[in-house]
Every structure is written in C-alpha cells, then in structure tokens.
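In what follows, chain A forms one complex with chain B and a second complex with chain C.
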Partner chain A sequence: MIRRLWALARKELRQLFASPIAYVVLTVYVALTGIYFFQHLVSYNQLLFVYQSEGLTAGGFDQGTVPSQINVLNEVFVPSADDFGLFLLVVLPLVTMRVFAEERANGTDELLLTSGLRPFEVALAKHGVTYFFVLLLLAGSAIYPAVVVLRAGLGFEHLVALYSGQLLYGCAVASIGLACSAFTSSQIVAAVLGYAIPFVLLDFAWLSNTVSESAAALLREVALLSHYGSFARGVIELRHVVYFAGITALGWLASVASLELSRAR
Partner chain B sequence: MSAKIEAQRVGKRFGSVVALDSLSLEISAGEVFGLIGPNGAGKTTFIRILTGYWLASEGDVRVDGVSVTRQRFRVQARLGYACEQPKLYADHRVDTFLHFMAELRGLSGARLRGAVDLAVQRLGLEPVVRRHIGVLSKGFRQRVALAQAILHEPAVLVVDEPTVGLDPAQQIELRRILAGFKGQHTVILCTHQLHEAELLCDRVALLDAGRLAALATADEIKSGGSLEELFLAKVGSHHETAP
Partner chain C sequence: MSFLPAAGVVMILVGVASYYATRSLHGFSTFSGANVAIGLALLLVGAVAQARRFRGFTGAESRRVVLRWTAILAGALALVVGIDVAARGITSRIDLTVDREYTLSPQTVALCQKLATLPGDKIEIVFFEDALLAKDVRLLVAAYADKCPAIETRDASRKAPPEAARDLYTTTATTVIACRGDLCDPVGYPSERNITSALLRLSRDRAIRVYFTVGHGEIDLASESDVGYAAVAALLRNQGMEPQALVGPAASEVPADADLVVIGAPERDLLPEELAVLERYLARGGRLLVLAGAGQHSNVYSELLPRWGLELGDGVVLDQAASPLLKDPTPVNLLVHLFAPYDPVTRNLSQRTMLLLPRARPVALGRKPTPDDRLEVAAFASQRAWVSQNLDRALAGAETAPPDGVAPGQVAVVATGRYGRGSAAAPAEARIVLIGDRDFAQNRLLESLYNRDLLLNAVRWLGSDEQGIALSDKGWTPNQDPLTLQQTVAYFYFLAFALPETLLLLGIFAWWRQRA
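Entry: the complex of A and B
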C-alpha cells in the first residue's frame, strides 16, 4: 500500500508543479505575507519611536516608557497571523479546485479506480500532497518571522506555535476545498465552493446578535477564527488542534465518500 | 493464465432509465468474447460493472467465482482495462506513465522494469516511449492504454472500443496486436466494428436496450451469413436507444 500511495503522491506532485498555478500561488503568497509582515513591523517600530520620543513627554507619556502590551507579539505576530490566514483562504482554493475535479472531467478517475486502488488511498495521496503544498507555502513565508524571532529574542516556541496554527488551519481549509473538488467535475464549481464554505465558517460574529446566547456560543465554537487566534500568541491548545484536525479528517472522509458514491450513480 | 467470467442477472438503472436489464452471460477462460450492439445498448455499462467502476443495481459478476460487488479489489487485481477514448495523463511521458501504472499494480524493481519493457515491446511503443502522451496520435494513445492494461499480466483483459477514430492502417495494426492476446488472457472486446468482432472473437453477444439480443459462436455466425446480418435481423438499421 505504501508503494502505491507513494506512486500516486509523486504523480500528484508532478501534476501540481507541471501547471503554473502552483508557482503563481507560491510567489503571490510569499510576496503578500512578506509585504504585510513588513508593514506591521514598520508600524510597530513607529509606535516604539512615538513612545520613546522626547517630544511626547508633554503630551502625557512618560519618556522612554513603552506599555507592556506594546510588544512584537501583539503588534506584529498577531495581526500578521490574521493576514496570513486570510491569504491562505484566498490562495488555497486555486490549488484544491483541480485535484479531484480535473481527474473526473478527464475521465482518468476511471483509470485509477479500476487499477485496484482503494478510494481512501486515492484521497489520502491527493490530500497528503496538498497538505505538503500548504507546508511549502508556510515555509516560504516563515523567513521574515524567523528573522524577527531571532533578532527580538522572542523565543523559538512563538514561531513554532504561530506556524503550527497556520499549518493546522491551512490543512483544514485545503481539506474543505478538496472535498468540494471531489464532488464535482467542474473546477469552477469546486473553486466557488472552496471559497464559499471556509468564508462562511470563518467567523459568525455577524450572526451573534440575531441568535440566542447558546446558539451564538455554539457558532463561536464552530468558527475557524475562534480557534486560530491563540496560536499567534504562542499558545498551542489541544482543543484547537483537535478542531482543525477534525475538519481536516472530515474533508478527507467526504472525499472518500464522494469516490465511493460515484460508483452507485 | 485466464479466468472464467459469470454475469448473473446484472442490472443497472440510472433513475428511470434501464441501462442494463437482467443480463446473464458466461465467458470461458481464455475466450475472446465480443460485445456488440447499438449506442446505449449497455456494453460500456456492463464493462464498468465488471471492472468495479460502477456498482450494479442488481445481480453480480464473478471472475473465477470472486464477486465484483463484494470483493472488487481482488477482481481488479486480476483484470486489465483499456477504456474507450483512452483516458490517460496527457502531461506524462509514455515510460513515466507505464512506470506509474505498474507501481499502482504493485510491481517494483526488476519486475516492474521487465513488465514495462515487455509491454512497450508487445505494443510497439519503442518509437514514442519518451514522448508525452498528449502529443501522440490516437493510434499510439490506444496502444499506451493497452500497454498499461497488460502490465500485471491480468487474467482478464477488457478492451472498450479500441479502434474507434483510428485510420485503417492503425485499425489493422491494433487488430493484429489484439489477436496476439488470444490464448494469454480472457479478452472481452466491446466494439462497434462488426468486422472486427468477426475477425477476433470466439463468441459474440449482441446487446440491445440493455438486454442480450443474441449470442453466437464464430462458427454459428459464419454458417448463418455474417455478423452484420445478425445485427440487422435483431436490432434493425435505424435503431438508437436512449443512453
């Protein structure tokens, strides 16, 4: 089984990097995360400058005193993580839309599913390669935060927490996109659903005033953002890990179910 | 190395459309068996059920007694399938694709290389082995589809419309290749080319509207005239059924 999975994964990788989409997505994501991270860093430096500036002493600040909440974690890492998460939401459906839908549209799913491969193996290889691509995206964008962690003496654990969160969140979003791709032969439909579902799941704050307290609490638990924030503050909580792993597993199960259901059409 | 196939009252419905209606067939080990019929007769539906790609709405197909419904992976391990209008990875080179398919079939190392070399040789793919599938002619794409189907030396070889869209020279060449499979596998050949079925098959089943309209051996066909006459007698000349 491992050999078959590896063969299928290599085929997926070859197909992923045979199209320009993978390179465009990598470049755009790394560029955007770099620009926005730099912007937060510049803002933080300006804030530090303001607090430490002599000219502001008369305005009520104590010269040279920077409030404890103004730190690199709160001013750079937390807003950057929010931006990075949004960028992942924008770029990942561009990668996931093709994975199953193209196979179905070209009829090559018939080749795979009559060659003795189990549907769960097909889904496992396709999901695995997409998660690897998420890892590549994150690795490309980790350079700037890594430099800041080293220079600011923050502690490596903050970087690990931030990127663990992003990896879990990215895999969950990718898994939703892959499940959408598995249920259609149209890449456009897969992309639209791959955008719509994570965007709806992102945050239910807009609904909280119109539903009961208990329903609002439930919606908070379901929302992606509620589980994403703490990672940027350097905290890895098991319940958030379980939440993202659960969504990822559900996406994979939905992909397997779609392949099985297509037999009974 | 071949296998016996038994189809027992196999049916397939798509909503209210009956694509296959209680079809029963027995195909002996080593036989070259032809499936003919008009469009929408149920030929491809039967093949897709046999290969485990679709689930039968009723009935079952058994390969050497192994049920496709219950143990499709065991059946698929003994089966090679070259589908209609070959569905291949156009961005793969022929050799890369065959290596990939051989790996999916569980081959590795020297056995894999040997199987790929043999398939390339048997299908005459040497001139195009390093080319991308997307740039190949239809004839060579058909050969690649057949090559991947025989990599693991299957007991049953299922070939759906192998010569459709090919020029006469390619058709003749492909028929020669198909004739070479006789005696090595149980071959199920689904075709619109009546002449092809006459030339290659030991027995032919004529399907019409999802039902078995006629079943005849090569000798019976020859003694009764031709397959064309049988077709016209059973199906008619202006027949088309809904898919």
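Entry: the complex of A and C
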C-alpha cells in the first residue's frame, strides 16, 4: 500500500510542479508575507523611534528603556500571523481547485479508480501532497520571521508554536478546498466553493450580533479565527489542535465519500 | 454548478463582505442580511434541484453507497463536534513562550490552593472580552480558571461590569476585575503579578493601617488639585488599606494598630515629644516611611533620620539623562532607572520600569545605629547626575550641566533601613524607607511611569505584606531592535523580491516545458 501511495504521490507532485500555478501561488504568498511582515517591522521601528525620540512623546526613553509592552511579539508577530492566515485563505483554493476536479473533467478519475487503488488511498495521496505544498508555502514565508524571532530573543520554541498553528490552519483550509474539488468537475466551481466555505467559517462576528448569547458562543467555537490566535502567542492548546485536525479529517473523509460515489456510479 | 447555487454563493459572499466593510457604521445591515438570506435560499433550492438529478440515486447499489457515506460523514461530523466539545473542557496546553508567560508561577498556584480554604464569599475574576487588551490576556485568565478552582471566572462586557465595580475608575485597557462580595479591584495592566496581587488583597482578612502625621506642613491627602495628594489616599483605599491621620501632640504613643507611619515631607519641625513618640515606636519595631522635598527643613531630616543611619542631603539632584517628561524640560525631572536588585522596595523595578522623581533630594547612608542593622540604597539617578546647591537656579531650569569642579555620578535618591529591635521576649524588626522626593506622589504624577509601584512597594514592605511584592512580572526582556534598518531592507529585498522572482522564473520554466 505504501508503494502505491508513494507512486501516486510522486505523480501528484510531478503534476503540481509541472504547471506554473504552484510557482505563481508560491510567489504570491512569499511576496505578500514578505511585504506585510516588512510593513509591520517598519511600523514597529517607527513606534520605537517615537518612543526613543526626545520631545516627540511625553518624555522620550533612552535606548533600552522603552516599556517592555512595546516589543516585536505584540507589534509584529501577532498582527503578521493574522495576515498570514488570510493570505493562506486567498492562495490555497488556487492549488486545491484542480486536484480532483481536473481528473474528473478529463475522465482520468475513472482510470485511477479502476487501477487497483482504493478511494481512501487516492484521497490520502492527493491530500498528503497538498499538505506538503502548504508546508512549502510556510517554509518560504518563515525565513523573515525566523531571523527576527531568533534575533529578538523570542526563542525557537515560539517559532515552532507559530508555525504549528499555521500548518494546522493551512491543512484545514486546504482540506475544505480539496473536498470542494472532489465534488465537482469544474475547477472554477471548486475554487469559488474553496473560497466561500472558509471565508464564511473564518469569523462569525457578522452573525453573532443577531443571534442569542448561547448561539453566538457556539458560532465563536466553530469560527476558524477563534482557534488560531493562541499559536501566535506561543501557546499550543489541545482543543485548537483537535479542532483543526477534525476539519482536516472531515475534508479528507468527504473526498473519500465523493470518490466512493463516483466509483458506485 | 447551475446558475442558482452559484448566484447563492455570490450573494452570501457579498452579504458577509458588506458586513465587514460597514460594521463600524451599523452592525448587520438590511442589505447584508437580505443578501445572506436570499443566498442561502438559492443554495438550498439549487442543492435540491441537483440532488434530484444526481445520477447516484438511480441504481440500488448507488443509493446504498450514498446512504452509507452520508451516514459515515454525519457520524464523523458528530464525532468531531463531540471531540471538540469535550476538548473545550480540557485545558492541556504547551506554553512555548520564552518566559512561560501563560503558566502560573508557583506563588500563584500556592495562593490558589490557599484560597480554596478561604471562608466567606468566593473570589470572582471578571474578564472583559471587549476590552482593549482582551486578546492578550485571555490565555492568562484561562490559566487562572484552570489552576484556581476556588475562583470563579466569567466573561462579561465592559458595558455590564459587576454591580460592585460600577463606580470604580476603569479605562478601555481595564480587562480584568477581581471581586469578592461587595469589594472589587480593577486590575491595572493585566499581568500575572497584578492579577495575583488583586487576589491577595481581596483574600486578606485585615486591612493595613497607614497613619499619616499631620500638622507640620505635610502632604495634603484631601487636596484634589494637581499638586495635591488625594490620589495617594484613594490608591491605598483601593488596595484595601486604611489611611488615617496621626495628630502629633494629641498622641502620646503611635496607636497599637498602626502598621506603619508616613511622615510626608514636613515643612516644619516636629515637637520634641512627637520625635520621642516616633523614636519609641521605632524602638518597638515600628515602620516609617519618610518623603522629603527639595528645600525643606525639619528636625525629622536633621535629627530623627541620622540617628537611624539615614541622611538627607541639601540641594537638588539634576541629571542630564533626564528627558523632558514634564512640560518644562529641565534636568530636575529625574528619570530613575538604576535600582538595587534585591531591595524589596524596588525589586520589581528595572531599566524598563522607571520612576519619575522631579525635584529630588540626595539621600545617603550614614553610620549604622548597631552593627547588625542593614542599610541600603534602593534607587539612584543615572551616572550623569550631580547635586546642585543653588536651588533657585536649578529649580528654574537654568543649570543644565554640572558646574566646573563637580563631576557627575550616580546619586542615591531612595534608601531603606532595617533594624533588629523590640525586646528579648518579643523581638521585632523596625523598618524605614526614605524617599528623597515628594512630588512623585502628587495627583498629577502618581500614575506616571512606575511611581505608583514605588509607593505601594514601600507601603507593603513596611506593612509586612511582602507577598504583595514578591511576584514580579515575567521578565522576558526582548531585544527591541532585532534588525538594523539596513538588515531589514536587505531581508526585504531578498524575501519580497529576489525569492518571489526566482519562484516566478521557475514557474515560467515549468510553463515553457509544459508547452514544449
């Protein structure tokens, strides 16, 4: 089974990197994260400058005596992590839209399902390759934060927490996109659904004002963003890991269900 | 996808997007609501239409597969929701912050265990989820909820604070209020130190009694003007202490219930009998806080303090490093950031938690009354400080550099003394804190920088409430300048331009190969 999975994964990887879309997505994500991280860093440096400038504020602090609340974590990392999450939401459906839908449109899904591979293996390989791509995206965007984390003395462990959150979140969003792709033969439809579902799931603040307190609490529990914030602050909470892992597993299961239906037809 | 579901998705997206774009103007508008509702209806209609045409339903085998996988997916969804709900109750977490910011210290955990045995009203921590710092503090409050089962923790809106806290002064940054019965304590900056201090205050059985001498031109605790000291009395009351007046000639002894006596910058001499009362009080193991202002003369400074090994210099401390924190920038507005690391009064103060001491007098250590007494300087002006004897010129801001022949150097401004006293049967430790400044505690300056902490630390130490100052804020000191401007720009060029450019070139190569 491992050999079959590996062969399919290799085929998927080749297919992914043979088309320019993967590179374009990587380019867009790395550029966006680089630019926004730089912007946060510049804003932070300006804030520091204001604090250190005599006469500009109520005082002006000597070098090294700026209050510790003004630090890279609060001013750069936490807002950057929020941005990075949104960017993942923007770029991932561009990758996931083709994974199943293209096979279905070309009719190669039937070849795949009659080749001896079971639907869950096909889904596992395709999901695995996409998660690997998410990992690549994150690695590309991690260079700048890693340099700043280590130089600011935040510690490598904090970076691990930050990127664990990004990876879990990215896999969950990708999984939703893959499930959408599995149920249609149109890449456009897969992309639209791949954007729409995570976008609606992102934050139910828009709905929570119009429903009861308990329903609002439930909606907050379901929202993607409410499970994402603590990772950037350096804390990995089991309940958030369970939430993202659950969404990822559900997406995979939905893909398997779609393949089973295709086979039954 | 047919037209209806596609239109439905678009309408939902527009509805949600319009909410986010206009939520600051008016919450969920009719336009947003109508879009979401119609979109959902279209999706539903489209889904039903699709389902009717779905080929999978035509054969018996297909129907079985559909039913089986619908059941599997529904079961999986229920399982995930169930696990998620169960996991909400599990507070397992890995704290990977450098200073374990969201892991409670052993002192706090020990206090939590003590609180479990506390009789009377339970302590409640109210967390304002709409406060300015809510996102920063939620994890910390969750740690209290986890480790302190004796404390009730609940979320609330700033618009609906607890009944007992309605009249208390709060700001948009007030994120946590601790309450016990009718007593509430808004926590300033919501760190572990401050939340735990609030719990300590609320759990205390007896209030610290602070007596202020009056009748010699001391600071006026009733004055609410900028240069008055009503804020000191309010702060002490807010901390669960009881400020009281000690009328000199009327008191033959310091009251037995006094935890400490404050001599707040007297401008005149005390009567010899009053000095004798204070001497006897100290000899019994009494506690004294003395504030002194520049240019003031009193026998407290010239007679009482030297007998206990603490001396107050004439003149005023000036410091070129002092930045213009007040309206008129002069070196007389000291920014004090050098502290003795182990002195209890300044233990939690550091380079980043400075004091603003305007018009401070120098203090010095004299001869110890007995060899076992311990005298210590607790805070210094910077190495660029000097003492000016020309008060008029210095206070007018005309002296901006040390005069010829005067070398700048650290000048002490706060000193402490502890003395083993009492009798053989009842040994006690007398304590004195001498702060060479009185302006720092004025209404206009008490909340400036960390002046409040200096005053509270001194009062707590003198009142034997060391637990209140034992906890310091977690001390992660970040490198606040991780990258120079040149490094920032260099990394920016690499990550925002060079790396994406390389990836794009690879993409073009892949596209070219695909076409070939």
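By our rule, the second predicted complex is superposed on the first by the 251 of 265 C-alpha atoms of A that agree within 3 Å, B and C clash if a C-alpha of one lies under 4 Å from a C-alpha of the other, contacts with A are read in each partner's own complex, and residues count from 1 in each chain.
The working rule: contacts are C-beta pairs under 8 Å (C-beta built on N, C-alpha and C of every residue); 3 or more make two chains touch, one makes a residue touch a chain.
Note that this is a predicted model, so its numbers are computed, not measured.
Looking at the shared chain after the overlay, A:Arg151 reaches chain C, while chain B stays out of its contact range.
With both structures placed on the common chain, the touch criterion links A:Ala264 to chain B and to chain C.
One of chain B and chain C touches more residues of chain A, and that partner is C.
In the overlay built on the shared chain, the residue A:Leu73 is in contact with chain C alone; chain B does not reach it.
In the superposed model, A:Phe38 lies in contact with chain C only, and not with chain B.
By the touch criterion stated above, A:Thr210 is placed in contact with chain C alone, chain B being left untouched.
In the superposition on chain A, A:Ile143 makes contact with chain C only, while chain B stays out of contact range. Contact with chain B, but none with chain C, is seen for A:Glu110 once the two complexes are overlaid on the shared chain. When the shared chain is aligned, no partner comes close enough to touch A:Leu225: not chain B, not chain C. After overlaying the two complexes on the shared chain, residue contacts for A:Ser186 are found with chain C alone; chain B is out of touch. Across the superposed pair, chain B and chain C both touch chain A at residues 18, 263-265. Contact residues of chain A toward chain C in the complex are 17-24, 26-28, 30-31, 33-35, 37-38, 41-42, 45, 48, 54-55, 58-62, 64-74, 78, 140, 143-144, 147-148, 151-155, 157-158, 160-161, 184, 186, 189, 192-193, 195-196, 199-200, 205-207, 209-210, 221, 229-230, 233-239, 242-243, 246-247, 249-250, 253-254, 256-257, 260-261, 263-265. The part of chain C that touches chain A in the complex is made up of residues 1, 6, 9, 12-13, 16, 19-20, 23, 27-28, 32-33, 55-56, 59, 61-62, 64-66, 69-70, 72-73, 76-77, 80-81, 83-84, 87-88, 90-98, 101-102, 135-136, 139, 189, 321, 323-325, 329, 335, 337, 351-354, 476-483, 485, 488, 491-492, 494-497, 499-500, 503-504, 506-508, 510-511, 513-514. Of all residues in chain A, only 3-4, 6-8, 10-11, 14-15, 18, 106-108, 110-118, 263-265 touch chain B in the complex they form.
Listing the residues of chain B that touch chain A in their complex gives 14, 48, 51-55, 73, 76-77, 79, 81, 83, 85, 87-89, 91-92, 96, 100-101, 103-106, 108, 148.
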